[in-house]
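Structures are listed in the sections that come next.
In the two complexes below, chain A is the common chain; its partner is chain B in one and chain C in the other.
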Partner chain A sequence: MTGEQLLLLLPLIIVTATAVITMLGVAIKRNHAVSCLLTATGLFLALLSLIIVAQYPAQEVTPLLLVDSFNEFFTALILLAALAITLFSYPYLCNLEDHQDEFYLLIAIATLGALVMVGSTHFITAFLGMETLSVCLYGMVAYPLHRESTAQYPMEASIKYLVLSAVSSGFVLFGVALLYAQTGTLHFSDISVGITQGIANGPGAEYFIVASLLVITGFAFKLSLVPFHLWTPDVYEGAPLPATAFLATIGKIAMAALLMRFMSISGVLDSAAITHVLAVMAVLSIIGGNLLALLQSNLKRLLSYSSIAHMGYLVIALITIDSAMGGANESLGSEAVSFYLTAYVIMSLGAFGVMMVVSDSGHERDHIGHYQGLFWRDPWLALVFTAMLLSLAGIPLTIGFIGKFYVFAAGVQGAEWGLLAAMVIGSGIGLFYYLRIVYRMITPLDHDDPLPVAGIRDVIPHGILLLLLAALIIPGVVPGALMTLLQSVVQAL
Partner chain B sequence: MIVVWLILILFVGGALAWASEALDSRLPRLTALIAMVFSLIFVVMLCLDNFPDQLSPGGQWLVLEKWSWIARFGIFLQVGVDGLSLLMLVLTVFLGLMAIGAAWHEITERPGFFYFNLLWTLAGVVGVFTALDLFLFFFFWEVMLIPMYLIIAIWGHENRAYAAMKFFVFTQVSGLILLIAIMCLAYFHFVQFGRFSFDYFELQNVVLEGRFQMLVMLGFFIGFATKLPAFPLHSWLPDAHSQAPTAGSVLLAGVLLKTGAYGLIRFAVPLFPEAAADFAPVAMTIAVIGILYCAKLAFAQTDIKRLIAYTSVSHMGFVLLGVYAWNIYGLQGALMTMLAHGLTSSALFMLAGGLQHRFHTRDMGKMSGLWAQLPMMSAMALFFSIAALGMPGLGNFIGEFLSLLGAFQANHAAAIVAALGLIFASVYSLWVIQRVFHGPYHTPNHSTDCGSEPARDDPHNHPTDLSRAELLCYSAMALGLVWMGMYPQTFLAMAEPTMSYLLASLGEVLP
Partner chain C sequence: MLEWIGLLPAFPLAGFLALVLTRGNLPRRIAGVIGVGSIGLSFLLAILISIEFLGSGLESHTQLLWTWMSVGSFTPGFSFYLDGLTVVMLLIISGIGFLIHLYSTGFMADDPGFARFFSYMNLFVASMLVLVLADNLVLLYLGWEGVGLCSYLLIGFWYDNPANGYAARKAFVVTRVGDTSMAIGLFLLFQQLGTLNIQEIMTLAPQQWSEGSGVVVAASALLLGGAVGKSAQLPLQTWLPDAMAGPTPISALIHAATMVTAGVYLIARTHVLFELAPSVQLLVAFVGLATLLMAGFTALTQRDIKRILAYSTVSQIGYMFLALGVGAWSAAIFHLMTHAFFKALLFLASGTVILSLHHEHDIFRMGGMRKKLPVAFWSFVIGSAALTALPFTSGFYSKDAILLAALEQPQYGTLLWLGGVLGAFLTAIYSFRLVFVAFFGEDHTQDAPAHHSHDHAHDDHHHGPVREITGFVMAAPLVILAVLSLVGGFIHVPVDSVFGVHEEHHASTLVHGFMIAVPIVGVLISYLLYSGAPQGRGLQQWLKSVRESAGGGALMRFFFSGWGMDKLYDFLFVRPFIALAQLNRRDLVDQFYGLLVELARIGNRAIVLTQTGYLRWYAISLIGGLVLVIGIGVWA
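So, the complex of A and B:
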């Protein structure tokens, strides 16, 4: 390994160092503020180091990791999201009557896992990243274990996540083993050679299809696509809000980026069987997620079902990744996936951010009734929340609309009319529950339910909300710059 | 730049109105009024600048501007104003002023946010009437939805949550279908010309083969027909209108419905000439059913605002009929109906709102004989009802007559059956006048059953007649209707170049 390659791994190294330093800091003297500050600084430095990394052309650092613009973009997105969640966590955890510091440790290590996932072109790193992320998430979900009155069932949620996550890892491993048995390699591009030959040459075709489907099933668990979604609402509801936000944003970005990389390199989409399976999962996720979200009055559960639906939209674009048509639109599908992911991260982070600002570890405001009359009690928070919900619903002036437009464009290009019809129906149903929240926020409250007074330590979370609002509206009105960036990012695939 | 300024004034005016509430609760309406007056000045300037020259044949576009926006998809900020757009802008800004007048005393709760929503809706509408890039068009199409939703959901009447949601879901889902249709066109432009384009003029060159063209055209038709609204898609409208505050009803009936009709004239037919020609008999049948069925439903209502809402659907049937006749009479008739209906329905909704403000009910069964107590208001109601039923000499007559004339050339049967709608219109209009304004005096506040003499000084028993400001609003609208009825040439001449252009470009396709 040369010095240059080490330099390319700088973000990973810095995040690892952050975890170690935070741990040492805790060993010397526990201080909540210092731990939070150390983690945030580390993540920020990692983000800065990307400026150096971006100077170099794309190259493989060992066969395990590929540092290209795709990796750099998603690394930046993950680090930004992790930074925001770290800073949101501080006021949330302040009144936890337990040690708070380890939570930041878990955030740093989980982020590391996610970063490994987006850089991997090899099943070893992909699996290591997935497990690092998941193991930390078990801890984060169960974090407020010793409290009674906090998030309702952290232990139950954690066990549920642990068991199902292990099952999904099992699926992935089985699929990988089958692929390895056939090709003798774990590298995506070598597998791709095997897959194309296998599909072309007839007899081995089923074998590859089954193997790829097992891998995709495992990934679908993590993305919580129907019918592998059953854990999602319970885990979202049971986990403390920062953990939920982490799971809903970074968990999804890392997994979706990995899936995108795997699909575009390995060429599994050449097989009609696999596209059909994905299409069925997309339709089920869109319809099922949206319908079930209608029934929820707990916002965490509601957002979990809505995330299922959004992952369904994402899969539509994912299916069209390789329906290349040459010219400027070769990469329309990948661009659509990347854009939608970016949009999804901004809007879910914003929605969970508002919830984190009005909640603390002693009292989570996750019921729709807690937000009644918010428009008149705290217009600023209500404005942010409304903007995020409207973006999730895909209304113009927001990034969510452009994201949906991109997916529509990709779908039309791939002539996926059935999937687009499902998306229209799903978006129509989605309006009901997003607008129901907006309607509750504008309905005056008849009793008194004082919101936590924004103190000095809430300045940073409110500042992040402002940034998220800007990140929601600016690309929603002038999306050109982000589109150009993503176009160059996905060229790397 | 003038169009951009117009839109910016409304956006910024809305934001200022919201901000000014912090200083004084009477400032928002003043800010909104100033913004509206400025927009009116802009629009009038646009008329005066262009019109003497425009009557001579030549370029139909008075304003045509283009800036780059989203290069990735070939999307431009392209706006244009021709005679058709300009008439729609005049209507929008004029009714915007009326809506502020209607809200002036009615909206006392959270006025800042109300005027913010009002102006942003209008900004969206102005954008819809001027956008010539289909993406930009769709963008504004959606921008006007959220503020309208909030107007109904916050300041609406008893069943507002249901009505607002229904309004939003209907328009949004049909909007998504429209978006897919737009995407298909842009994509086929890519296939045929090697790049994405949402440009109105470039998309007219896209050639789609038979069945596919019909499907894409249907996408546009559903999007616009829901907003119009046409017969099977109209069910959101009575709820939204009856639950919205008066200013909201004025905007909905006067302006928002017209965006659907405008979309049909500007996009749905010219972009798909063959499919539209094949579809015309179906569309005209839908129009006829809408005219008759909703006239019948109107007659069955007891809620005065619901009644006016159903008459709106019925009258918009004439617009649909005229558009799909696709000859100069039909198109001009559709346009005149849009303008005249904008004024009459707004005035009627304002009168209904006035009655509700005075008697706290919209139930016609609970009011009668108001003429004695409210002579001016009753006279106005009579005037606008008569206008709505199509009395010669007023704008609605010209519109409906021309629509029928055009339709008769294209489809005899449809025109003959649709003409029955005029008779139904007189039935329900006169019935309302008779029930509410004639007969023995009776209001919910003044029950004759209990037999006791009402106290003389009770203000509820002596409802105030129209104030001077109200009178001014109604007179302005009445004047407009008389102008349209007596000298429609002003409006027909403004729209003529556009209509001829649209007809000429498709002349060889349609009979």
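So, the complex of A and C:
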């Protein structure tokens, strides 16, 4: 490994060092603020190091990791999200009657896992990244364990996630093993060659379809696509809000980026069977997710259902990556996926951010009733929340609209009319439950405020909300810059 | 300078936002400065841009402002388009807009809704500028609807009187009929030509359609529908007289000088389509002729000072339509400009009268005001002279051009010309009737009210001594507009390159002499009838006897009610609509959507059952899902 290659791994190295230093800091003397600051600084430095990394042309660092603009873009996105969650966590964890420091340790290591996932072109690193991320998430979900009043939910959520995630990892491993048994390689780009040979003079196409589907099923579990979605609401609800936010944002970006890389390199999308399966999962996720969210009054569960639907929209664009080939605009599908992911991260981080600002580890304000009359008590928070919800619903002049439009354009180009019909129906249903929250925020309380939302006054969380709001509106009004950036990013694929 | 064109509507828009976001909490001084200053900046910029544009000798200039996004081949963007026609409109809108804003700071000084008033006014100017700057019909439509909204908000500005709210609603609904027609026209154009860019349409239309083909007739007729709605022409003219419920500066700006001429602008802008559809163009001429005569007769009988001016506006726009209909594009725009000068002057002067007389609208309860209200009096004399087209005033040149062009129309020239001249005769009588009744004769302000004809009067209605309310801010616009009304006829409208023709009209001295004589005769008759002059006794007696005879009285009432159009529409449309709505009380269409809602509810109830919370069930579902997925993959 040359020095240049080490330089290319700088974000990974810095995040690892952050975890180690934070751990050492905790060993010397516990201090919540210092741990938070150390983690945030480390993540920020990793972000800065990307400036150096971006100077170099794309190259493989060992056969395991590929550092290209695609990797760099998603690394930046993950680091930004992790930084925001770290800063949101501090006020949230302040009144936890337990040690707070290890939570930041878990954030740093989970981020590392996610970074490995978006850089991997090899099953070894992909699996390693997935497991690093997941194992940390088990801990994060169960974090407020020693708090008697709320202990049972985090534990239940963590166990559910642990068991089901293990099963899905089993699927992935089994699929990888089957692929390896016939092709003799774990590298994404070699697999397509192996598959072509194997279909011609091996066990036949069905074998590879089953093997690929096992892998994709495992991935679909992490993206919580129907019918592998049942865990999502329970885990989202039981986990403390920063963990939920982490799961909902970084967990999804890393997995979706990995899936996109896997699909476009390994060429499994060339198989009509795989496309069929993905299409069925997309339609089921869109309709199912939106229907499940319809009358939900717990906002964490509601957002989990809505995330199922959003991942369904994402899969539509994913499918068109293949069908767009040879069309007028080959990269439209990948552009749409990347744009949608970016939009999704901004708007869910914003929505969870508002919830984190009004909650703390003792009082999670995740019921829709908590937000009644918010417009009259805290117009600023209500404004941010409304903007995020409108964006999730896909209302114009927000990034969510452009994202949805992008997916739609990709679908039209791929002539996926059935999927687009599902998307239209789903968006129609979705509008109802997003606007229901907005409506509740406008409805004044008719009795003496029994559950006042005591939004924290720290400047940092509000500053992040402001940045997220800007990131929501500006690309919604002038999306040109982000689109150009993503076009160059997906060229790398 | 030309690249700053996007700032033209941006200034008033910023003013609107500043006034709206502060929710009327600004001190009046500052609100006034923002409201007037934003328009002033636009006006200055418009002047600079016009000078540069006209000096550059360019035929047109297109400025791309913003491309929203570019996904595949879909690239929606905003562009502004500047040519001679736009320059004229820009200067009229921002210039007269500025004067009227300035006047309003005096007129509205004591109104509790001061900031709200200026916020709507600023939004109006911004929308109107977008309308005339738009390079495609969709953007034009945005401005079109924007001015419609502001018109609605400002007619109902004094919303605590339900009658004003009703007038605002009426204006909104009636113009909506025209807007719908226009929207369909746009759909048709887009479907046929694949573009809504105005200049592209103007080039494509003659290539794709032959003269008089069905599509172009339909498209231009639909656009005409939009134009008659906005410009209050037959058959959609009924909203404008009621729109006088708004504060008087609104009537001056929106319902006389700018918005109502948008229809004229639209037709001039898309004149190629109308040239391709001669039958529709002829229809434009006859709509204008019929409207100008009808409104002229109605104006003769009105008592409310603003309603007289409103009908006169309808009638003058009728002249513009007549000009458009005979292909005298630049004459129409010329008259649009001069009309903006003198009608704004008349309305603002009437505002001074109304304010000074404590919201008195009835001209028969004024009288002898020429001594007490000198500024208003002279404004009215000059404005009416221009409106009547007395020689050497601005209205004379523009109306002259229109009538001569009408005479040259090959088929119906003489008819159109005679109608136009009759209209000019009526104009002379009703304008000077207003002047003589309100400003000459005896003072009737202390008379007991004969009847409450002025139901649009503002609420705080009390009588006191008459004193002209005129500070600098109210007097200066009147003086400037008066000067423009007098000399505006010498301004050359730089639109020849837009319409591709230089219009020159020649006629015999006889025709000219006739056209000069008719208005003067009208003024004389008006003098004899209404000034109380002893020489006119016989004529006055005759008028009285006509009014008292059964047939004459009925005719007067018929004219007074605007030819019974309101009643007719009430009978034809409003009542059947209400009956239909009552019949369909349980909205049939709604049932379908109710069904959708019910379906979603059922789906939700069914699917929620899968969320049991049991880990074992979740694990089994994973396996089941995998089996399903592989099943689909292998056998589907």
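The criterion applied here is as follows: the second predicted complex is superposed on the first by the 466 of 493 C-alpha atoms of A that agree within 3 Å, B and C clash if a C-alpha of one lies under 4 Å from a C-alpha of the other, contacts with A are read in each partner's own complex, and residues count from 1 in each chain.
The rule is short, and it goes like this: contacts are C-beta pairs under 8 Å (C-beta built on N, C-alpha and C of every residue); 3 or more make two chains touch, one makes a residue touch a chain.
It should be emphasised that the depicted structure is a prediction, and the values quoted were computed from it without experimental measurement.
Of the two partner chains placed by superposition, only chain B is touched by A:Val424; chain C is not.
In the superposition on chain A, A:Leu64 contacts neither chain B nor chain C. Contacts of A:Phe228 after superposition: chain C is touched, whereas chain B is not reached. Shared-chain residue A:Val116: touches no atom of chain B or chain C. Of the two partners, chain B and chain C, it is C that touches more residues of chain A. When both complexes are overlaid on chain A, the residue A:Ala409 reaches chain B and chain C alike.
In the superposed model, A:Met483 makes contact with both chain B and chain C. In the superposition on chain A, contact of A:Val280 is made with chain C only, not with chain B. For the contact definition in use here, the residues of chain A common to its chain B contact set and its chain C contact set are 328-329, 405, 409, 413, 432, 478-480, 483.
Those residues of chain C whose C-beta lies close enough to touch chain A in the complex are 66-74, 600-601, 603-604, 607-608, 610-611, 613, 615, 617-619, 621-622, 624-626, 628-630, 632-634, 636.
Contacts from chain B toward chain A in the complex involve residues 69-73, 110, 135, 138-139, 142-143, 145-146, 149-150, 153-154, 161, 164-165, 168-169, 172-173, 176-177, 179-180, 183-184, 186-187, 190, 194-196.
Listing the residues of chain A that touch chain C in their complex gives 159-160, 163-164, 167-168, 171, 206, 209-210, 213-214, 216-217, 221, 227-228, 230-231, 233-234, 273-274, 276-277, 280-281, 287-288, 291-292, 294-295, 328-329, 332, 402, 405-406, 409, 413, 429, 432, 477-480, 483.
Note for the complex: chain A touches chain B at residues 327-329, 376, 390, 395-397, 401, 405, 408-409, 412-413, 420, 423-425, 427-428, 431-432, 435-436, 439, 442, 478-480, 483-484, 487.
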